[in-house]
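Letters are used for the chains, namely A, B and C, taken in the order the chains are written, and counting of residues starts over at 1 for each.
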Amino acid sequence: MIPLKKALESSIGKKFVMSISGIALVGFIIVHLLGNLPLYLKAEQAGPMLNEYSAFLASFGWLLTAAEIGLAAAFIIHMVYAIRTTLINKKARKNSYDKGVVSKGGPSHLTLLSRNMIFSGVVIGVFLIVHLWQFRFSKGSMEPIKLASGADGLDLYAVVAQTFSQPVNVIFYTIVMLIVGAHLSHGLWSALQSLGAMKPAWSKAIYTVGILIAVVLAAGFLFIPIVMFLTQSGV
Amino acid sequence: MSDQNMNLKLRVWRQANCSSPGKFVEYDAPGISEHMSFLEMLDVINEMLIRRGEEPIEFDGDCREGICGQCSLTINGQAHGSERGTTVCQLHMRSFRDGDTIVIEPFRANAFPVVKDLVVDRSALDRIIAAGGYVSVNTGPKADANSLPFGKAVSDRAFDAAACIGCGACVAACPNASASLFTGAKITQLALTPQGHEERSRRVVRMVEQMDIEGFGNCSNLGECEAACPKEISLDNIAVMKREYMRAMFSKF
Amino acid sequence: MTLDSKIPEGPLHEKWDNYLHHAKLVSPANKKKLSVIVVGTGLAGASAAASLGELGYNVKAFCVQDSPRRAHSIAAQGGINAAKNYPNDGDSVWNLFYDTIKGGDFRAREANVYRLAQVSNSIIDQCVAQGVPFARDYGGELVNRSFGGAQVSRTFYARGQTGQQLLLGAYQAMLRQVDLGKVEMLPRREMLDLVVIDGHARGIIVRNLVDGTIEKHAAHAVVLATGGYGRAYYLSTNAFNSNATAAWRCYKRGAYFANPCYVQIHPTCIPQSGDYQSKLTLMSESLRNDGRVWVPKKKEDVKKPANQIPPEDRDYYLETRYPSFGNLVPRDVASRNAKSVCDEGRGVGAGRAVYLDFSDAIAKQGRKAIEDKYGNLFHMYEKITAENPYEVPMRIYPAIHYTMGGLWVDYELQSTIPGLFVAGEANFSDHGANRLGASALMQGLADGYFVLPHTVGNYLANHIATTVSTKHAAFDEAETQVRSQINDLIERGKKGDKTVDEYYRELGMLLWDNVGMARTRESLETALAEIKKIKHGFENNLKLVGSADNLNKMLELAGRVTDFIELGELMARDALHREESCGGHFREEYQTPDGEALRDDENFAYVGAWEYTAPNQEPQLHKEPLVFENVELTQRSYK
């Protein structure tokens, strides 16, 4: 047996941590997307549904807080390990090639996207701060309203709608969602490979499925701001 | 077979030793036959340089048939050049066109210090093997070779992993300079082999530890190593290494 | 000095056991105090270093490459013999012994060859225990293939990479000892001299190839496993760094050099394509199992594409001349026949090639089966020639491949310098005048795993009290000599204008033409005269750039060429004195009416061991008579 601390500090252990936290995050954004899907509906339907959903989550009380702490931990761990491994990787080749590593194609997964995971990751990180400030921490300063079900709640929908009525936000979200897709297009397969959950026979299929899921997730988010902007500006 | 002669330009990395900085130097390579191997082309250039009284370009190579793993050039940013499944000693000039400029660099990685020009020190790979890439048996009387059957399907897979020639192209091609493919291949071979089972946990832990000490990067599953590997060692070997590691985390040894 | 081969008493099959019963042992506590230098980390060196380290000796191992795993043994493709008789086709230790001694044209020592056959099975067991991935069947058992010169299938193989897999097994075993602190591995070191103190080998002088430092290393015994000297011919199947330097410098320190004229020409190599060519690539002999060798019957057809020559116009000359062995005749026979059909003007390609055709095998067994057996070889062929051997026949031609000659050793593998042991291709021991396929790997590993650990121990048992140190004056003397040789090359190199490579190619060509596949008194005398000229030129008009204090491969090569020139001379001299044909040594004057080698057992059934005398003086020949008590000397016939 290896002491856990030593194991997780090895190059392989670090990637275990990254992939497990990454998978947890993927789990979150899948749920998050599902929760946000009502936003594709007309304002009259979407508003109550989103607010209802938010209130439903809030009703879990400390359980929600715990989940949020867990989520924050996953983000932080993922980011910390991402930065650490990236620094080690950069240090492993101080003098690079004249034109960098040029891919030979074939089985290689080396693409502009896969070799810049830290870039897409940092963008997501920055987005997250903005995003939480817009939608999560703004909740504290919101007036409670009566929900359709009669319970007390917040008009989160209004905030979202207000946000996506501004072109800057729409553009910002659209770009970020493309980058989320980029991150996941390599990230999903990578996480499974990092955990050794790969067989040669599946490898290609998993890689393709990984990209598909990434596209679906990114697209799922991506059109929300656009659709909301367009409907609000009366198109 | 038609004989095509080409005129090429070479941009070659010249570096006096590990502690001095290197630089690119350009050379003309006129009248290169397409049947030459890449190293033979360099032999011809070196003869030219020697006649001019210049120091020849130092590069490694021994068997010149793709098995010893000694040749180690990065050509236009690709370890062993553009052809898949090929060592640079087996790369023939027919894969270049008249007038091409070819950039020739050593296998670059901090764990592979440059010895001179295009020659690097890959002893880190030996140290990884020394940390556990073997079956701990002494020379002496052993059970009959057929006493432990080992089915063809798995033994073929073990062989695929064992085909690694230790050239280090995987490291050279990996944007992170990770030695995962090399290390994974040996771990896989011995983990699949019945004789290697006994010490599989100890092996993977020690070899990975050594790999980290040597200063190789982490694996981000970029797969460029497999693309550059002259023996086309599969990424699956890295996955097996991860599984072996996970197994070791939870087993006594 | 008379040559004492120290063959143990008793009947052939008891000699090795007898030896072991009487060999002296060294206690574990004493082993810790004893040190052994192993030069070379090929199959012979790596297996010896590993085994000696396991026993508890302090071992230092050296090689010229950047890693011990790159020794030339890595390139062996075909396989390794053993008398396991797994296929139940009637093989036995005796049969392996007999085939080997007959294959060597009765110019090897019976006792050594028998021991080789005896330990062959242990080698396979040992390698399997190390995890070497030999080819297996669906049921999980090992499979064998047949090889030239034998009528049984006794060759174990690992696809077309047998040497690689065996070497990695030995390399890993050695690195395990490195990890345990019993072996110190010193790569990128070239041995340039042997240090002899009071008549015993006590150390070596090496050049650190990275920074040019001259290092002194002392030990209680030295094992030399530095491979063969085939690169004397420049073009050969041997790796670039293969050299005779270590062996040659030992020769100059008093070790006798035996049978230098016995070199093997391998029949299946890819023909040369241009003058820039640096080496020739072997296509494993195993290809002759399924490939059929032919040339056109008519000279006019040689330029026609192979598939346009109808079967009746093809001359499958090996099958017709040697009906019982067919395409599987031994190497020397196959090579000479290829040369003779090409000499007749029926060679294909550029004239120096014959076809090796797989179309029948593919038709019979299917492409898949052929791919399984030879996929990597076909791939390699296509890489080099840009032709697809699944569709057009391969073109092959003989090339220098292996050297049976080497430093003379007794039954203990000890040279004429006590304490200097020689193993693997570097010694002359087991293959006589011709080596059978798949037996070099066997010999290298037999020497390293199963012979040296006992014989070195037997020697060391008498030297437990000896202290060794590089402080001894003999080390300084040797070091000074090495330094002056190197400085001399550097200084000379500033003045002349012909490069090392030019001289080297010239020497190679000369040896190939005159001391190659077929020799005559005349050609050998020409060689001796011409070598003197090359030597003179090399000494007076050499161009070399760079310095001795860093990596300088041309300087390394210059040192090796110096030795190859002298060795080439000895090869020619030996070939000239041996007025018979045997195995790889074919003197055109001595052949049977149908062109086979004609031995002269009455006058030449001996090992010719040459003793160095003084610079530019003729060496002295010593003869070790070969006594055959168990086999009858017959003319080899593969008809």
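Just so it is clear, a residue touches a chain if its C-beta (ideal position, glycine included) is under 8 Å from a C-beta of that chain, and two chains touch if they have at least 3 such contacts.
These numbers come from a predicted model, not from an experiment.
Taken as a contact graph, the chains are arranged in an open line, each linked only to its neighbours along the path.
Ranking every chain by how far its Cα centroid lies from the centroid of chain B, the top place goes to A. Across B-C and A-B, it is B-C that has more C-beta pairs touching.
Compare each chain's C-alpha centroid with the centroid of every protein C-alpha atom shown, and the nearest one belongs to B.
For the pair chain A and chain C, the distance between mean C-alpha positions equals 63 Å. Separating the centre of chain B from that of chain C, both taken as means of CA atoms, is a distance of 26 Å. Centres computed as Cα averages put chain A at a distance of 37 Å from chain B. Residue numbers of chain A whose C-beta contacts span two or more other chains: none are found.
Within the complex, the chain B residues that touch chain A are 11, 24, 74, 76-78, 82, 84, 103, 105, 108-111, 173-178, 180, 205, 208-209, 211-212, 215-224, 226-228, 234-236, 238-246, 248-253. Considering their complex, residues 1-2, 4, 7, 10-16, 85, 88-89, 91-110, 114-115, 117, 186, 189-190, 193-200, 203 of chain A touch chain B. Contact residues of chain B toward chain C in the complex are 1, 16-17, 33, 35-37, 39-41, 43-44, 46-47, 49-51, 53-56, 58, 60-70, 85-86, 90, 92, 94, 115-116, 119, 121-123, 125-126, 129-146, 148-153, 155, 158-159, 162-163, 165-166, 189-190, 193, 195-196. Here chain C touches chain B in the complex through residues 47, 50-51, 54, 65-70, 72, 74-75, 84, 86, 122, 124-131, 133-134, 136-142, 158-159, 161, 164-165, 168, 171-173, 175-176, 178-179, 185, 187, 210-211, 239-241, 273-274, 276-279, 281-282, 379-380, 383-384, 386, 449-450, 453, 497, 499, 501-502, 543-546, 550-554, going by the rule given at the top.
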